[in-house]
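Could you have a look at this structure, given as structure tokens, before my questions?
When the chains are written out, they are named A, B, C and D in that same order, and each has its own residue count from 1.
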Amino acid sequence: MDYDPVCQIDRDPDDLVTINIGPTHPAMHGTLRVIAKTDGETIVSAEPEIGYLHRGVEKLGENFTYHQFIPLTDRMNYCSAIASNVAYEMAVEKLMGIKVPPKAQLVRTIMMELARIADHQVLVGILGVDLGALTPFFYLIIQREEIYDIFEWYNGARLTNTFGRIGGVNADLPDKFHEKWPTLRDTIRKANEETDALLTKNRIWLDRSVGVNAFSAEDALNWGFTGPCLRACGVKRDLRRDEPYMFYDQFDFKIPVGKHGDVFDRYMIRMEEMEESVKIIDQAYAMYQEMPEDAPLMAKVPKIIKPPEGECYHAIETPNGELGFWIRSDGSDKPYRIKIRPPCYMVYQAFGELVKGDMISDTIACLSSLNIIAGELDR
Amino acid sequence: MEDWIIDLIKVVFIWVWCLLIAVVMTWVERRASAMMQDRLGPNRAGPFGLLQPLADGIKLFTKEEIIPEKAKSILYVLGPALFALPAFSAYAVVPFGDKIVLGGKEIILQVADVNIGFLYVLAIGSMGVYGMVVGGWASNNKYSILGGLRATAQLISYEVPLGLALLAVVLLYGTFSLREMVFQQSGTFLGFLPNWGFFKQPLGFILFLVAAYAEASRVPFDLPEAESELVNGYHTEYGGMKLGLYLFGEYVNLGTLSAIIVTIYFGGWQLPYVDMSAFLGPVAYGIASFLVFFLKQAFFLFLFVWVRWTVPRFRYDQLMGLGWKSLIPLCLVNFFITALLVQLTV
Amino acid sequence: MSLKERVQRCLGDDVIAITEYRGDLGIEVPKGNIVSVLTRLKEDETLGFDFLTDLFGVDNLDYYAKKKKKPKKKAAGEEELVEEEEDKGPPPPRFEVVYLLQALKTNERLQVKIRVPEDDMEVDTITTIWKAADWPEREAFDMFGFKFRGHHNLRRLLMWDEFEDHPLRKDYPLEGKGEERHLSYD
Amino acid sequence: MGFQAYQGEGWLLTKAEQLINWGRSRSPWPFPYGTACCGIELMAALASSYDMARFGAERVGFSPRQCDVLIEAGTITKKMVPVLKTIYAQMAEPKWVIAVGACACTGGVFRTYSTQQGIGSIIPVDVFVPGCPPRPEGILYALLKLLDKIQEDHPLYKKRQEVAEALEAGK
């Protein structure tokens, strides 16, 4: 008999039931797997196993040229591909020492924030589905299609956009964007309000999310959390503020911060960030409209990119948190080594710690609220 | 006509009617959920997709029958049957209409007017859990077993508030016969309200409704199957028509529960303020009473669907907490208040 | 005081080399001292590198091979120590482990590198300092074969357990060696 | 007379087959095996704007025993191959497979050590959908193609034929 500090009882370790959750479990998003030891409904220990979507992106990066790698970044965080694209492009620009023209930066800002909204909408929808409320998911998806319309007008792809080039962007905002944005802003807010009415004011939802998987700020920093999951724990940290890039230091926006780091805080932070993103787009769009029509969109970039030897790390705040690229160049046209620092990788490794002592249902809620994107996790 | 022929006709009619409700409910559930989610829903099989349940049925019938190697094969086959049968059986005592006069013979629109119909409903209703437990255990799958266990705990816990809520009604009407209860609900209450159980037992009705949702294991109480947690819960390993039986049984259960709600709390086949037998012929009256009953039942069936697509799901401990800490004390309070009032008025 | 000076003052002799490229400061430290170096960096009041951003390995096999061929084509300001080593002594160790640190208060970043020779792949684990190093160390083991001494669960992370090679090494072909995974259920 | 059934498709058999095919082709319950980017587009195809449920492809189930069409959307890595094989083996006949996206068809851009180069070499696939990822319309079109294929199936006759052939071989 061992004393079990989680359940505070003496228990024979043979009494535990091992449950294999995933990788085709409905709540595991296709490729995650958790091996959980349970006592009845309570999780005594949970060990996540990953690698079911390991596609060798880093190895491929060593064999691709710098430009060829951009499409691979799409396929990492496929919920907000544009943010990954820009993160990689900015890392290469830092490596090359390229200054991107301001108009291109504004186009990037607008598209990235749209991607952030789209990403958060998927998260909130899926969180609802995993807790048993299916309808908000559909409301959010309908609305998200309109954001996809804008992406599609920009360069023809809905999901994997291959947005931008190294040194700027390849195209200006689509003409239809100027008509679409005022109405889109309203529909985003309306969809959020509907979701809010269905979920945030629902007693069952509160019961299921408030206080579930609470995590302290200290632990979160120790485990390397970034992004909304860290902010939910009460740490006001956002690379858009702390290491400002582009024009983020000129925009007026709030950084929502939670208190307890529970599922509800993570959910609320996403809901509020959508609202802040709308504000940022409004400001960026106002700045964009002041730019002259023929302002350059691309910096002067050589046809074949051959950065000088050296290595650097650059990270930006993607919807999930800090997405960084560490690139070492050996002076050739291919990177010598690319290391991607995906945000949810660090978050997901604490999963066993997060769900210890909770119930099986909480595991599902916790996993959804962390927003684990397998493509980014396994690369 | 011989009595037993009439009884046989009634049994067959009710059986077919139950099946029909279950079949139509699958369609309603899909189309209604589509409506709530700004979708179209199935519309390829027949007009408005009305034949969709038929297509599903044909497909399920012609699907390969799999019995997993490690499953306990006899119980595995028995599970769905155990689940579906009690649901049908409970209908036997539900009065689905007043009476119809055919060829000078008075036919009661109820399969069996037993004087303990109320107890029969409770007893049969709690049989359904065997189907879930047996199915879950026989599948030899950890998710199924968890689903089965959840079902046991949940259904047994919610039997108590269900029974207690109904007991207050028994105090009120002073009878165990469901038919008798319906007759007592004619006329008006306090001069302007219909003399329905709902108005005399508002708290009891809400408690019963909540417990009924739990008994039917529908969202927000669908923990035994909890799709995102236990894959499909107790019927994870079932496919083909065995799965079909589970799905059908669920809708038949809904039909039964709605029928009981209507019978006990909403005056059965009676219209408020209007006495239909006064101006309708004997045959027409029988049919009209049946239709009124069906319409009331349909409303509650739709309510089940409505709630299903609106709210999230409880957690296991919250479910138990709600049952034991809130519903049962409230039921007891309701019971004592009713007892007091009945004592005072008599 | 600039970051470079502060780091030098804090670590003293442990700094083997310092590189600076596009504002990113990188230091190289001896392999055996990595735990004490990181602890000092974390606890020093003027530095306070209290957040581990990432940890990963690098295989320098091709890098050295290429450098030997054309040693003159080098950008200015690159690691000069490395160049000297190349010319004289034995070939430098094949692998590197890079630690990316971050100071949350001052928003400064630092790269710490250790060099790991092929015949001695053991590195001290830093999961004792940051729990965040758990999976990155497992991944480095999986992809390069570093053995992190003291890691509580050093198993493969991304590839399956029976996989034998280390795919991110430069001598491993991109399309693999035809490995397949077979699972037997009982 | 009894032997006549083996000779060809009788009227009864054909009508029964038509009925079965009608049912099957209007109720293809999907198993959404979304592993990567295509999974998001599959989600969009199931959601309101495209609404795959119109074709009866509703009641998305994650239990392989209950589903008819395995929609494999996304990359299958070599680590995942045994899982996919098991899932396919667990499905009850008749079962169909749609491979959505370049990765599922050929491995796509990920020609690496860890990626399975197309699922066609592991399990039989009925419809391939190219695209990286394909649009939801593409997934719907693939489903419609599959339904056409189901319509032309011979669920009863084929079995009779097999029985007859087995009898012939036995003689």
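Following the convention adopted for this analysis, a contact is a pair of C-beta atoms (placed from the backbone, for glycine too) under 8 Å apart; a residue touches a chain by one contact, two chains touch by 3 or more.
The structure presented is a predicted model; accordingly, all values stated were derived computationally and were not measured.
Novice: By mean C-alpha coordinates, which chain is most distant from subunit C?
Specialist: That would be chain B.
Novice: Closest chain to the protein's overall Cα mean, using per-chain Cα means, please.
Specialist: Chain nearest the centroid of all protein C-alpha atoms: A.
Novice: Could you tell me the distance, in whole angstrom, between the mean C-alpha positions of subunit B and subunit D?
Specialist: 36
Novice: Where the centres are mean C-alpha positions, what is the separation of subunit A from subunit D, in Å?
Specialist: 33
Novice: Distance from the CA centroid of subunit B to that of subunit C, rounded to the nearest Å?
Specialist: Spacing between the chain centres: roughly 65 Å.
Novice: Just how far, in Å, is the C-alpha centre of subunit C from the one of subunit A?
Specialist: The computed centroid separation for subunit A versus subunit C comes out at 26 Å.
Novice: At least two other chains touched by the same residue of subunit A: list those residues.
Specialist: In subunit A, the residues touching two or more other chains are 25-26, 51, 54, 56, 59-60, 138, 142.
Novice: Which positions in subunit B are in touch with at least two other chains?
Specialist: Answer for subunit B, listing residues that touch two or more other chains: 37-39, 227, 231.
Novice: Multi-chain contacts in subunit C: which residues touch at least two other chains?
Specialist: Only 158-160, 167, 174 qualify.
Novice: Check the chains against each other and report every pair that touches.
Specialist: Chains touch in the following pairs: A-B, A-C, A-D, B-D, C-D.
Novice: Would you pull the subunit A residues touching subunit B in the complex into a rising list?
Specialist: Touch list, subunit A to subunit B: 17, 19, 25-27, 41, 128-135, 138-139, 142, 198-199, 202, 204-205, 207-208, 359-362, 364.
Novice: Write out the stretch or stretches of subunit A touching subunit D in their complex.
Specialist: Residue list for subunit A touching subunit D: 23-26, 29-31, 51-57, 59-60, 71-72, 74-75, 78-79, 122, 137-138, 141-142, 145, 148, 158-160, 374-375.
Novice: Which residues of subunit D touch subunit C once you look at their complex with the stated criterion?
Specialist: On the subunit D side, the touching residues are 78-79, 81-83, 86, 111-114.
Novice: What part of subunit A is in contact with subunit C in the complex they form?
Specialist: It comes out as residues 50-51, 54, 56, 58-60, 63, 94-95, 97, 221-224, 237, 242-243, 308-313, 315, 322, 324, 326, 328, 330-332, 336-337, 339, 341, 345-346, 349-350, 353, 378.
Novice: For the complex, which residues does subunit D have touching subunit B?
Specialist: On the subunit D side, the touching residues are 19-20, 22-24, 26-27, 47-48, 51, 53-56, 58, 61-63, 65-66, 68, 92-94, 155.
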